[in-house]
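First up is the structure itself, then whatever we jot down about it.
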């Protein structure tokens, strides 16, 4: 009964990411898309928040958003998604929570 | 699997393009879309008056084409649409406005349609913000 | 059995119509007798503050809609205690009876519902 | 003193009511408003299709009345309006849309009108966000 | 040649307030309106940021927004404004910067 | 003498049309030969990053508009170094020639212009 969390706000609007991280259960996943992918930029303040994440939780990012913003996602253990993979993930988890 | 797609942002927000690409991938994977529900600023996506510069993607037009081609059930929340100025023939008449600007393929209806869709579906994905 | 919704309301009450539109989703669920719980989180916790005076902003009082929730059968109301605390409201009385919940309880709530809708 | 008022949010945002109450106080204090400029989502305030619930303030209607009564120069950025679906007669015709939804009292024009107003004025106050 | 800064975003969207505070000059003023007045709530994290503000800078708040939100503004040295006073302030400072 | 504008651009480039609409204000000033400076601040500093690929989002490339600024006579371009630093971009090359400025220089810039417009 795991949940896939989707976040899309810039990490500078901090409550979306930090609230999501607080209520993450073991086995949940997070998809970063839109401006939220800025949190994956190595050396950013936001990237530090992500270090403490439970190891049972997987982190994903929408590839197009990472490419558009010239982010080197290799610095973090992040799986890049295209839309078919994004849809498959939504099926794989029991529910989806969009932190719009 | 059965999906509900919830669009909460205007056509100028990247989230609304993301919702469309996601919805296209849902159908391409053989899943079903029970309903697309437009709420909050998402109702502005259903305006027929949007004019997009030639060198840019017309996401509202693409949404409309996607809905029409796949005969999707596309419901625009009527209360949210009224306060944002998106009117069909009946509402324009009721409130004495001349401009009917709800695009073809969309229906104005209530929030009950969202809940009804949720009861039929397995997953609901919302796209809002930027 | 009807599928259940956890509505997470994150918008401040007088920062536009976002909070009211989130509540409308709850009221509609109540009208159709569908199971829906509300979790007030982030700036959404401000909706529950006592002594607010929206008439100063010539705004409709959201608290009327909030008070209507139980009449519509929406009785599972939760508020994130952490979000009250960081806003200096840890011990403030609330205008509405809502269970104060910690992060672990929120994790449980999410798992207990079929859908999560955040507005 | 001469003011320019810049409205950047839709009529549903508190910022747009704040802009109106501020503009009213500007005139009440004997100052002049050179121009009110509507840009970004502010152009949605100039839609004639907005329908507000009876128990709520109709800020768009109040803006229109304030502009008309005080014969203010109210310019809506044409590029921002096109992408948000607010069209006057000429633009509706140009882009073959049936719905003319720019309210009376407003004119569509370019960003040059903002700069022109700034050159004439002493202060510019923007109201955007929430 | 002082500047009147206007901020209206919730302090939880932190960059508006913190950026404004970084670039404040001596003698400048700040008007809190809309959700930004939440920063004036005694005991909030945001209120602490305001303690360090230069003493030559005056802090104002739109009274209607403070009333609507049941904030006890007495905890901080804040001058409450109605709209006529708000307009007068815009005249008194040399320019206005709205951090929309 | 024409009155001058300091345009503070705070929006990220691919987070909607905000950044493009801010730039349009600058281009219009240039077209009318009016003095305007731009300060990129907060998420706005991301507009200046090199190697971005907006075509991945099927978006129009904002950098064309940015490159057009000098041609329109808009040559006073500044970027807040602090905002680059907190985003992990302190030493990154910029796609456009802009002066890196600290808080004190920003205070000066604000005082040197007749108007400040923030978008």
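Order of writing sets the chain letters: A, B, C, D, E and F. Residues in each chain are counted from 1.
Definition applied: a residue touches a chain if its C-beta (ideal position, glycine included) is under 8 Å from a C-beta of that chain, and two chains touch if they have at least 3 such contacts.
Bear in mind that the values here come from a model prediction, so they are computed numbers and not experimental data.
Enquirer: What's the overlap between the neighbours of chain B and those of chain C?
Expert: The common neighbours are A, D.
Enquirer: Moving only between chains that touch, what is the shortest number of steps from chain B to chain E?
Expert: Graph distance in the chain contact network comes out at 2.
Enquirer: Could you let me know which interface, C-E or A-C, is made of more C-beta pairs in contact?
Expert: C-E
Enquirer: Starting from the Cα centroid of chain B, hunt down the chain whose centroid lies farthest away.
Expert: Chain centre farthest from chain B's centre: E.
Enquirer: Going by C-alpha centroids, which chain is farthest from chain F? Tell me that one.
Expert: Ranked by distance of C-alpha centres from chain F, the top chain is C.
Enquirer: For copies chain B and chain D, work out whether under half or over half of the interface numbers are shared, and give different or same accordingly.
Expert: same
Enquirer: Averaging over Cα atoms per chain, report the distance between chain E and chain F in Å.
Expert: Taking the mean C-alpha position of each chain, the two centres sit 25 Å apart.
Enquirer: In whole angstrom, what separates the CA-based centres of chain C and chain D?
Expert: 34
Enquirer: Calculate how many whole Å lie between the centre of chain B and the centre of chain D, each centre taken as the average of the chain's C-alpha atoms.
Expert: Once rounded, the distance between the two centres reads 27 Å.
Enquirer: Please compute the C-alpha centroid of chain A, do the same for chain D, then give the distance between them in whole Å.
Expert: Once rounded, the distance between the two centres reads 39 Å.
Enquirer: Any chance you could list the residues of chain E touching two or more other chains?
Expert: Each of 10, 12, 15, 34-35, 95-96, 98, 100 in chain E touches at least two other chains.
Enquirer: Two or more other chains touching the same residue: where does that happen in chain D?
Expert: Chain D, residues with two or more chain partners: 6, 8, 12, 14, 53, 83, 124, 126, 128, 130.
Enquirer: Could you say which residues in chain F touch two or more other chains, in rising order?
Expert: Within chain F, residues 14-15, 17, 42-43, 57, 59, 114-115, 117-119 contact more than one other chain.
Enquirer: So which chains end up touching which?
Expert: A-B, A-C, A-E, A-F, B-C, B-D, B-F, C-D, C-E, D-E, D-F, E-F
Enquirer: Within the complex, which stretch of chain C touches chain B?
Expert: Of all residues in chain C, those touching chain B are 2-3, 5, 17-18, 21, 24-25, 28-29, 31-32, 34, 114-115, 117-119.
Enquirer: For chain F, which residues count as touching chain E in their complex?
Expert: 8, 10, 41-43, 82-83, 103, 106-107, 110-111, 113-119
Enquirer: Spell out the residues on chain D that touch chain B in their complex, using ranges where they run on.
Expert: Against chain B, chain D makes touches at 10, 12, 44, 47-53, 82-87, 91-92, 95, 97-101.
Enquirer: Chain C touches which residues of chain E in the complex?
Expert: Going through chain E, the ones touching chain C are 10, 12, 34-35, 38, 41-45, 47, 63-65, 67-70.
Enquirer: Mind pulling up the chain B residues that touch chain C in the complex?
Expert: 6, 8, 39-40, 79-80, 83, 110-112, 114-116, 118-119, 124, 126, 128
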